[in-house]
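Heads up, the thing below is written out as structure tokens.
Per-chain residue numbering starts at 1, and chain names A, B and C are given in the order in which the chains are listed.
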Amino acid sequence: MTEPTIYELSSPGRVGVTFPVADVPETNLPQGFIRSDLPLPELSELDVIRHFTHLSSLNYCIDKGLYPLGSCTMKYNPRINEETARIPGFALTHPLQPEDTIQGNLALMFDLQEHLKEISGFAAVTLQPSAGAQGEFVGVSIIRAFHRHNADPKRIKILIPDSAHGTNPATSAMSGFEVVPVPSDARGNVDLVALKTACDDTLAGLMLTNPNTLGLFDENVLEVIKIVHEAGGLVYGDGANLNALLGITKPGELGIDLMHFNLHKTFSTPHGGGGPGSGPVGVSEKLVEFLPGPIVKMIEEGTEDLAPLYSLVTPKHTIGRVKSFNGQFGMLVRAYTYIRMHGPAGLRKISEYAVLNANYLLSKVRKAYHLPYDRTCMHEFVVEGSWTDVPDVHALDIAKRLMDYDFHPPTNYFPLIVHEALMIEPTESESLQTLDAFADALLRIAEEARKSPETLKQAPHTTPIGRLDELRAAKELVLCCWLPEETEKPS
Amino acid sequence: MFIPHTQAETEGMLKSIGVKSIEDLFSVVPEKFRFPKLDLPDGVTEMEALAEMKEYAAANETVEDLICFLGAGAYRHYIPAAVDSLLRRGEFFTAYTPYQPEISQGTLQAVFEFQTLMANLTGMEVANASHYDGATATAEAGVMAYHNFRGKRSHILLSSSINPQNREVLCTYLCGYENVEIETIGLDNPLQSNPDSLIPYITENTSLVVVQYPDFFGRIFDLSSLATEVHSKGALLAVIANPIALGLLKTPGEFGADIVVGEGQPLGIPLSFGGPYLGFFTTKKEYVRKIAGRLVGETIDVKGNRGYVLTLTAREQHIRREKATSNICSNQGLMALAATIYLSLLGKNGLRQVANLCYQKAHYAAEKIAKIPGFLVEKKTPFFHEFVVHCPISAATITERLLDNQILGGFELSKAFPNMENDLLVAVTELNSKEDIDFLVESLAEVSHD
Amino acid sequence: MNTPANLKYTKTDEWVLVEGKTATVGVTDFAQSQLSDVVFVEIPVDAGEELKKQAHIATIESVKAAADVNLPTSGKVIETNQKLADTPELINSDPYGAAWMLKLEISDSTEINQLMDAKAYEDYCSTRSH
């Protein structure tokens, strides 16, 4: 089932898309600057269509089935989003056009800013950051800028719960902070005693994911935020799990000072095989002037006859630009379309059903899988992917065997605080039938683990390709299919 | 509206869970803050949403309504129909990051091919799976150089003729690092400097020197002597390159670059008001463990079939956590696919054709504009598809008047360099016809007569 | 699990062989079993460098993890093991022998006393999960 690479399919002299002859008089090319060879493949258009069509058939995708990936919120990607993003009036605008020629774009961005503010309870939003991780970087940078601005540069510590996503400590460290882990207690909440101990006058802030990666809403969230605020720190909310909170609570009202959104999670923009994402950041009033620009401001209110006038502005104490131009605009259009279709009632329904689905699924699988933190979950839950009576079977084996049941595995080995973790998030898109089928598969696999563990250990059996040798990949490091100095193409 | 549950199903599920109502599931949320009102307009149907979005779009003028000579980092190029047709396949755009390689070979092989194409295009040995855009790729070059010297070299040297947005983003990224000094040479008069102007400023404390090729003003310079000097001081050379130009021009690799980055938007990605775009990052094999971002490697499965996996993942955030050198989690997956399809469709011949058309048309435009009394064109240095026009009056006035003729005349350089009030950066691509160019020239002549 | 009696150990799984004024440093059998197949080792220090205890001396990468190796005791680097660059798997096959990482001249012998002996290290390892 191996698909050749574009270089293997290439045939010298074959031509794909061509262009007209120049309609202007010829100018000589600059001497000494012309490349001697251009090592690109030579394919016909049909070659290309077939090749990528074959490749596409090797992929699992939301359109095919459930992705129960915890903290990824793999909900359905509405087709209408693809239509609106492609409206020529959006797609054919250049980012540097004079503002009076792109008021439509600015109006949409402004309205999206306003919607995100209202949903989350923040005073201002930037749509600049390209992804969640970049949103986090912005958040951490704002924390640093805030303390410096207040002449408090000794605040160098960022507290991060041990259940946090890897981007949290990575972002803090790359921004020059000292990362201090905070343990979780037996109920999966931030350990208040440990938190209080860690909060001194060197505290810059706490990065809090709520609900956390165990899918649990912190039972002491108000106390946690109070403790950090009293020590002079800021609370950053990792908004990855916002799908549980739409219309349920506003992070800004709980006291969170700043938060990033993941438009590609909560707001249905497609994952695209690894991107593009979009990670807007919302902030409370005292942090507004630190946002990266540009952001959209309404500089003239509209009247009955005239539309409002919008402009791109850079906040006074901005941390600086984090991306070229105006953010992942095409993703902003998609997210805004989604939000407008839902409105307040629809948004709340999303979270209600995300949480209902997760709790239902949990009620079905808990008889076969150990649940380390036994309380009502939010939109996701974590179980252990191992059993004491079959010590040889690991979460990885369960994950691989699920593929034979035509499901994408849940998130493995994360969060780190649960042994052989399986983090499961169904999202509100999935029907009762799909949930039952998935629960059924998990229960069968639990049986197979006892009766025929080899089936799991050698899984997957029915996928386009079997388990891959990752060790070999890391040792041999073949990262290109063909480079010019090779005399023959590899087979 | 995308929620499939019926009333009966919901009731059954609540029973299974053991609660009376959905609200009960949220009792953990503090009562005072539970179920807030969202002061937003009510939701609408798909039909209404489409109409609403079209209304926003109608308040814009596009590069098809106007004749576009605007570049400065984003360019209007022809995108073959096959690109979007393939991108719209749900198996590509609704797929997740390929962490489970057995069911993601489509994505993984496409990225592997992308890596190969970008390495070959830039004359380097390895490429990663992409960054958010050219500016963040430039910032990652800075981060890589910093870690390469383990923080012992604090100086980063930038040319004033790199895209100002790249400079800004690099600065934003590196300001969290202790002991980093970013120096830009020649900001007061960027047209006076060239890559060799940086040479006197390189020291043994320099980790990275960054130039652009063609530069922000469209100019092409020989980078060999700069590269030699950079290396003699033990530093690294990063070149920000235009990928279409590389269809024609000698590669930065051949000049001696250590890192090549750039904006991949010209490769089959629509202008879309600035995003989503595509940052590419290529380098030499010896630095492969220092690169941020995802990497796809070739391997075999248990039966000996060739396959692809994400590799060297131990460098990344989800494993190294606070020791990771970058926090990057996503790449621009679908945009990298677009570029891969575009380059596959054009191939060796097509890309050269496009590059040549851009070059020819830009030079025709430059020649004609130079003949208008009062206008001077920067032509003494070779250029690719963009050039600077010194206007007799302010460039802002010029572009305003050109807009009356439905022309986007170019980028007012005073927006990036305060001393350049009368300077306009004009870009020409294969989509500008001779008639477009003649009309631009006519309009400029008209403006200067007034 | 192999824990040679003649070595000293740290909580972060480094071992030290003390021979007079010279110390040889590496990572333990427990460490290599946690990492599984090592694919890459980087030792970014040079002979002649003066380093303090806890200094970062190496990074070990396997497919699933990357670990930092920190110096158990201060001193001046005499030599680093060049073989590990080409054969990183030595860390798995011979962690106490051929996979030594660096040799140094001890500057503060009181620091050696703060390290664990073989029995203490074994006990410590048995308390750790999986």
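The definition used in the following text is that a contact is a pair of C-beta atoms (placed from the backbone, for glycine too) under 8 Å apart; a residue touches a chain by one contact, two chains touch by 3 or more.
No experiment lies behind these values; they were computed from the predicted model shown.
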| task | By CA centroids, point me to the most central chain in this structure. | result | A
| Quick one: which pair of chains has the most contacts? | A-B
| task | Calculate how many whole Å lie between the centre of chain A and the centre of chain C, each centre taken as the average of the chain's C-alpha atoms. | result | 37
| note | Between chain B and chain C, the Cα-mean centres are separated in Å by 43
| Could you state the distance in Å from the CA-based centre of chain A to that of chain B? | 20
| field | For chain A, residues contacting two or more additional chains | value | 470, 474
| query | Counting only residues that touch at least 2 other chains, which ones in chain C make the list? | reply | 40, 61-63
| remark: Among chain B residues, those touching two or more other chains are 312, 314, 319-320, 323
| query | Considering the complex alone, what residue numbers of chain C touch chain A? | reply | 37, 39-40, 61-63, 129-130
| query | Can you name the residues of chain B that touch chain C in the complex? | reply | 150, 289, 312-315, 319-320, 323
| Of chain C, residues touching chain B in the complex | 40, 42, 44, 61-66, 68
| query | Any idea which chain A residues touch chain C in the complex? | reply | 419, 470-471, 474-475
